[in-house]
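Should a chain be cited, it is by its letter among A, B, C, D and E, assigned in written order, with residues numbered from 1 in that chain.
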Amino acid sequence: MDTNLALLLVLTPFLGFLINVFFGKSLGKTVSGTIGTLAVAISFIVTLVLFNQINSTGKGIEVTLFDWIQISNLKINLGFLLDQLSVLWLLFVTGIGSLIHLYSISYMHDDENMHKFFSYLNLFVFFMITLVIGSNLLVLFIGWEGVGLCSYLLIGFWYKNQDYNDAAKKAFIMNRIGDLGLLIGMFIIGSMFSTLDYATLKTAVSEGSPLLSLAALCLFIGACGKSAQIPLYTWLPDAMAGPTPVSALIHAATMVTAGIFMVTRLNFVFDLAVDVQTVIAVIGAITSLLAATIGLVQNDIKKVLAYSTVSQLGLMFLALGFGAYEVAVFHVITHAFFKACLFLGSGSVIHGLHGEQDMRKMGGLRKAMPITFWTMMISSLAISGVPFFSGFFSKDEILLTAFHHSIPLYVVGSIASVMTAFYMFRLMFLTFFKEFRGTEEQKHHLHESGSLITIPLIILAILATFGGLISLPGNSWLNEYLSPLFTKAEGGEHHLGATEYTLMGVAVLGGLLGILIAYIKYFKQNNVPESDDNIIGLSKLLYDKYYIDEIYEAVIVKPINFLSKFFRDYIETGIAAFVFGFGKVTGEIAFQGKKIQTGSIGLYLFVFVIGLCAIVSYLFLAQ
Amino acid sequence: MNTLIAITGLGIFCLLFEILNLRKAIIPITIAGLLGVLALNYCEFGAEQSYYNNMITVSKFSTAFSSLFIIITIFLVALSHNFYHNHPTKISDYVAIKVFLLAGGVAMVSFGNLAMFFLGIEVLSIALYVLAASDRLNIKSNEAGMKYFLMGSFASGIILFGICLIYGAMGSFDITEIHESALSAELPIWFPIGMILMVVGMLFKIAAVPFHFWAPDVYEGSPALTTALMSTLAKIVAVATLFKLVSGLNLISSLENQDLLYTFQNIVVFLSIASMTVGNIMALRQVNVKRMLAFSGISHAGFMLMTLLTVSASAGVLLYYTAAYALAGIAAFSVILYVCRDHDNEDITNFHGLGKTNPLLAAILTASLLSMAGIPIFSGFFAKLFLFDQTIKAGFVSLVIVAVINSIISVGYYFKLIIAMYSKEPNQERTGKPFLIYAAAVVSIALNIILGLFPSLVLDLLN
Amino acid sequence: MNVSTILIILLIGAFATYLSGDKLASKVALLFSLAALGCSILLLNNYNAGENISFIANWINKPTIVLALNADGLGIAMVLLTLALTPIIIFSSFGNEYKNAKSFYALILFMAFAMAGTFLAADGLLYYVFWELALVPIYFIALIWGNGDAEERRKAVVKFFIYTLAGSLFMLTAFIYLYQKTGSFLLEKLYAAELSSNEQLWIFLAFFLAYAIKIPIIPFHTWQANVYQKAPTVGTMLLSGIMLKMGLYSVLRWQLPIAPLAAKEYLNIFISLGIAGVIYGSIVALKQKDLKKLLAYSSLAHVGLIAAGSYTLTLDGLRGAVLQMIAHGFVVVGLFFAAEVIFRRFETREISEMGGIRIQSPKFTSMFLILVLASVALPSTFNFVGEFTVLYSLSQINIWFAVLGGTTIILGAYYMLKMFQQVMLGEANSKTFADVSLNEGISFAVIIAVLLFFGFYPKPITDLITPSLETILSVINKN
Amino acid sequence: MGNILNQIGIENYIFLSVVLFCIGIFGVLYRRNAIIVFMSIEIMLNAVNLLFVAFSTYHQDAQGQVFVFFSMAVAAAEVAVGLAILVSIFRNIGSISIDNLKNLKG
Amino acid sequence: MIHIPDLANATPVGVIFCILAFITIITAFLTIFSRNPIHSAIYLVICFFSIAGHYLLLNSQFLAVVHIIVYSGAIMILFLFTIMLMNLNEQKDVHRPRITRLGAIVSFCLILIVLIALFINSKPIVGEYDSTGEDFQSIKVLGKILLDDYMVPFEFASILLLVAMIGTVLLSKKEKLNK
């Protein structure tokens, strides 16, 4: 029964994928969209059933299908583990997934390859489910790389544009760098404990060692790739080349959280590698700040959201670094709600403006698109940490945890939060308030999106508002639910003392401060960001993302390409010349040798005689 | 002995046919006669016997090699039909000379007395001088004949001097006597000197470096069929005789007695390496196919010389090697004769596009070249294998490595021809499918492959 | 029935194909190759049922050379690879018209015969004979039916032949030397040979030269790219799909067990060479302008990893190497076939002249993408299983080997996706790209099906090869 | 009747014939006129014949002298064939200098 | 050791040997150095006569006679005929490059030195030479050996001569070109 349920869970999206791949075109857009959505919806329903079961019994379900890869000391089977963590993850993967599928039916309706879009989305969900429910690291790795593939396919969905293809390629390759880390981590763990199974591993891991730390570090590199942390984050902003639902689903709500999922899954490993945890926290904090600063000045509506995502992911890693897994998970969930909502909202805006993404050409959309506006407003409030929206609780917990462990990191996180509030409201003001700055024609066509788009927005906005309820300070359902997973309860149960309230107040004030600045700058003063050419000074640095891409290009990509050319043009020809030089030399000797054969009998006999003398004298006289 | 008598008889019959005006029948009858001789020779196999005061000793060695010579001669006679169709009045002479040449060859491997050896080699040589120069109006043929004659007589003089010194040391020409007294302690140094002089003379005949210079010129200038004869029959006769001299006169033990064996082996190793290397390298840039095969023959001579390092064990290997080499050579020359019959040269360009116009012949030539290059399943490979096996067994690993490197070089020029046949466009019409040429080519390459598939057939004959 | 049946079928097939004339040749060849495949599957069945399907007969008495065909799991697996790929390769060529088709297909079958023989032979010399025999047909295939400038092709092909022959002749010398030591060419006798470490080193190096050129391991790879480019695609498939596996297989079967001491002593050097090949091949592949050349360098990178795996001398390394060999065989055949499919339509192999195919043929694009992904070892493809196992074994030797070897997954993705982007994506090409035909589709489908099936369920192959690999390892570790 | 070699010594015969033999070799190398070259070869053969007879006396054995007959026959046959070749060359190029025979080379 | 005949105590035989040897060598050289082929031929005939003298000295009269008949009588006549037939008597030897002469002289010296050194180095024959007293070189004995023991080579020599004959005919015979 459990096996069948698990298979149903996994295979329904895959079935949807197959149907859409093979018959999508003939089925027509609506039908293929519906099938795609239904496939995920069924998974969602199955998840609900499973959630119900696990929530009541409190025990995970293990399903083993068959042996997969045999390695001398490891036996890796294709199996699933459905426990609290995976089902929780599945809930929002399939849940938000369903909503986004629904949204996409309308959003992608004008695209000729809509069936493909849905097949890719279904495939993505399939891999994401595999990632989440895999019973060992290698099954996770199938999903891990699979979602990377889908991300590649979806970023490059509009494949005629080679820039988009570049972005897709970049995403895939940067992910692969992380994947190598993950693989190496697996190798170390595999050779240390002879297993990659979570359950077995959990019992086998007992004490920390340098090797284990190394493994943890490698695993974290993997997480960096997938969850867009320094130094591997640059693909995520570029990934906004894909259709907006993709950004919402993959690059905000689900795939990018895979790194956090993995770290949480292996919490028992990371707990033993304290120094690595510190690294995680520091990198999370820095990423959070860095991305937030870049987000301050971006003008592309999706880029702002992308950097915001990176920043928020940084915050989650900050929490992970302190061992506060449930806090991170909490933020993952709330973030999924409001960020999906924001992306879908921005998609709605873009849809309404026929593809315009530059905020400088928006404005005043509040009236034309009220539902979009309000849902996005709610989400922005949530992400800015305004009290009683979901983001307030989760972000506050992260900062709280940080404060307890490390004041500097707390400060960094807080600054990032303030900035978040600022740029989110910058986005809101520029997009929805004041006058419309686009062309007349666009203005003429402004309208609220259809119900297929607005319904998911509304649902997500509701979730973004009330999502915080699952883990209220002091009375956390989530912490309790997840407690079987973690060995030590850290960061979860804070007694709400004076410090905590003070901190909460500081956070709220910070958020409001950010909003206020944005209000003054973009509402009161009615500033509109300069056009690209006129950006100078610090903002130029920020606008150009600290030139990180350019640095990578110069330090890594260019040298590799140069090396490739060098190898191709010099080393290859050099080796060839050397190897075949033997042939050339022999040929040349042959050519010269021909001259000895002069045709003169005298010479021939001369050599004959000399040879005879040489032989005879060597044999008889040389003794 | 009977074989020798039969062969000379057959030669005289050939001359008679001319008188009786039976020109048309001469080739079939000669072939039939040679087949009869082959059968006769086969009957003698295994019976160790000596005839007429040990002038001729029939042994496994001699009969086996005689059979090989007879088979090669059959092919050569068969090829004569088309080759000499422009010289109907001379064909009996040509065939008779070839048969006598065979007699000389048989005498050389079955001699029991150095007089027979000397006369045999002279019959062979004089017949070859004549054949080389036989295209009397062709200046190249004249030149080839002259060069071969001058150098050949020079070498004969050396051989004769060698025989003389051996006689001086031994007081006898009989090889059994010489074999026995070769180990005597009071042996004058004349014996090894004489032996070395004879060996040098034979090295000239097999065209080993540095006595090889005549070979390419003579091969190139001679009429193609004569070249075929020289590079197959004459060469294997010479090698077999050299082997028989060294083993029959007990040179190795005698040298060992005088602590000269090591030096001698050094010389053989050096000559072998030099022959292989010079032959292969010089062949690389040749455009004339006969000349190329001459150099290839020089390198094969180098390979065959390796048997002198393991005289006691390698008679079978030598037989196998010579058979493989000669059969491949016959097949190759059949094709060359066909391709170049209307040309006054044998340049590689004549072979362009043979793969398209005459796929069978092209395949045969390819197979024979592959055999010479030592690619498996053709007997050339196994020949080299057995040779290397013997030589490594005797401890000459480095020599084998040089030989291996040479095999690699040799591929370079063998494949030049293959490429010309297959990847260039035909530049001429090739008409007619002369039966005898096709038959000779097919049968010889078939024999070659059969030898490759069942090496034991030949290899075990002499063990 | 024993394994000699397979060889006989293939040999008869080669002759039958030649005799059947130009029109029927391709079909007859396909028929015989399928028959051989069927036969081998039957034999696999018998083998799994515990039947003895080896073959032994006397051939040459002195020196003793035996017609010994030994079918253990490893051998059968490699033969199956050969015989599964041969029909695919033949079938894939149905879209092309070849001059003198009867010779062409006869040579293909003959080559399959020789390669199958190489994988089965248990007598050193028989093995060598098959090894060399396999070289001859590919030489002619590349020479006569190849493409590009005739003069350059000739040069490339001759170089290839001489180069490979050069290597293998040293192997022959080593075999003869071994024969002197043991008095037999039989595999088991050679395994039992007692050699000093110095002797082992020389023998190891002689073998290495032969295999390093065939595989190829850098810096012995110079022939590869040119020949792959110049050979007709069928030839390239045979070369890259099967023939270079001969080298890798031989490392496992002959080189390591015969000279284990040398293998152990210089393990790091040889692994490093393999890994250097991975990195070097990947980097060079980045800037290739010719599609077939790019695939050639990618092949160089992959076999480098396989070689590195083999030289680890661990069960995982060997097993991963074999799995990866099989997987790579299928993938590379598929990729070269894709290049051929493009060539049939665009008449070019220059990457810069391609692009925009996806618009015109999404079906082909999907298949190509799957092959590309398999080639970069996406989990759930067969290649991942092999690559993971190999990398794991490398990590057991030294974690840095795994890290450096693992760069293949990054660099591989880089050049393959770059190629994919340039070849397939972008604005529509000015030239029309007809959709894949049924024949082409079937070839792709079979390859993809194999890759995906074994990607999830490699157990049958693992179970097949593991016992023989364990035997080999026990020989390696006998001292 | 004593052995005559007691008065001369076999070595002297050896040296004489060696010198003669070498003169023959020298002639072959030195002269370009084919006829003279033939003559030089005859000198070589005669040097050997002389030694044969000397050895025959040395061993008191007639076989050496018998061999000389064969050697003479060979010499005669060689000269006949050689001169025939020479004549045809002379007919073709009007010269008997072996320096003119350099068409075949390389 | 070379044991040079002591001219002071030379036996008549020794003196004759020295004279004959001297003539042989000198005429051999003259054969080679003569510019006129006819002179060469004449010198060669003298050389052959001196060799016949050696044969006589060694008491093999029959061989000496045969030698004169075959060489001086047959072979040399053949040479002379050819020379005259070709009208070569006036022909100067073509210009020889210095390198050729140098090469010839070098190789001559080399091989002479090597061979002489070889025989000097070898162990000297000590003691008296055997003299069995038996008749071993009369015509009777020679005939017996030649036609009895050496019958096969004798017959084979006829093949040799036959081949030479056919060959010479083949090389000289003009044929009707029927093309």
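Heads up, the rule we're going with is that a residue touches a chain if its C-beta (ideal position, glycine included) is under 8 Å from a C-beta of that chain, and two chains touch if they have at least 3 such contacts.
On a predicted model such as this, the values are computed, not experimentally measured, just so you know.
Trainee: If you walk touching chains, what's the least steps from chain A to chain C?
Mentor: 1
Trainee: Tell me which chains count as touching both chain A and chain B.
Mentor: Shared contacts of chain A and chain B: C, D, E.
Trainee: Average the CA atoms of each chain to get its centre, and name the chain whose centre is farthest from that of chain E.
Mentor: Looking at centroid distances, A is the chain farthest away.
Trainee: Could you say which chain's mean Cα position falls nearest to the mean Cα position of the entire protein shown?
Mentor: C
Trainee: Decide which interface, B-C or A-D, involves more C-beta pairs in contact, and give its chain pair.
Mentor: B-C
Trainee: What whole-number Å value describes the gap between the mean CA coordinates of chain A and chain E?
Mentor: Centre-to-centre distance between chain A and chain E: 103 Å.
Trainee: Could you give the separation in Å between the centres of chain B and chain D, each centre being the mean of its C-alpha atoms?
Mentor: Comparing mean C-alpha positions, chain D is 27 Å from chain B.
Trainee: Report, in whole Å, the distance between the mean C-alpha point of chain C and the mean C-alpha point of chain D.
Mentor: Roughly 66 Å, centre to centre.
Trainee: Could you work out how far the Cα centre of chain B sits from that of chain E, in whole Å?
Mentor: 31
Trainee: By residue number and range, which residues of chain C touch two or more other chains?
Mentor: Where chain C meets two or more other chains at a single residue, that happens at 162.
Trainee: Show the residues in chain A shared as contacts by 2 or more other chains, in ascending order.
Mentor: Expected reply: 583, 594, 597, 599, 601-603, 605-606, 609-610, 612, 616, 620.
Trainee: Mind pulling the residue numbers of chain D that touch at least two other chains?
Mentor: Where chain D meets two or more other chains at a single residue, that happens at 10, 14, 21, 24-25, 28-29, 32, 58-59, 61, 63, 66, 70, 74, 77-78, 81, 84-86, 88, 98-99, 101, 103-106.
Trainee: Going by the touch rule stated at the top, which chains touch which?
Mentor: Taking the chains two at a time, the touching pairs are A-B, A-C, A-D, A-E, B-C, B-D, B-E, D-E.
Trainee: Within the complex, which stretch of chain B touches chain C?
Mentor: 355, 359, 370, 375-377, 381-382, 385-386, 388-389, 392-393, 397, 400-401, 404-405, 407-408, 411-412, 415-416, 418-419, 422-424, 455-456, 459-460, 463
Trainee: Would you pull the chain A residues touching chain B in the complex into a rising list?
Mentor: Within the complex, chain A contacts chain B at residues 583, 586-587, 589-591, 593-594, 597, 599, 601, 603-605, 607-608, 610-612, 615-616, 618-620, 622-623.
Trainee: Mind listing the chain B positions that touch chain E in their complex?
Mentor: Counting only chain B, the residues touching chain E are 8, 11, 15, 51-53, 55-56, 86-90, 93-94, 96-97, 100-101, 103-104, 107, 113, 115-116, 119-120, 122-123, 126-127, 129-130, 133-134, 136, 145, 188-190, 193.
Trainee: Write out the stretch or stretches of chain E touching chain A in their complex.
Mentor: 100, 103-104, 107, 110-111, 114-115, 117-118, 121
Trainee: Would you pull the chain C residues touching chain A in the complex into a rising list?
Mentor: Checking each residue of chain C against chain A gives 159, 162-163, 218-220, 222, 225, 280, 283-288, 314-316, 319, 356, 358-359, 362, 366, 373, 378-380, 385, 388-389, 391-393, 395-396, 399, 402-403, 406-407, 409-411, 413-414, 417-418, 421, 424-428, 456-459, 462, 466.
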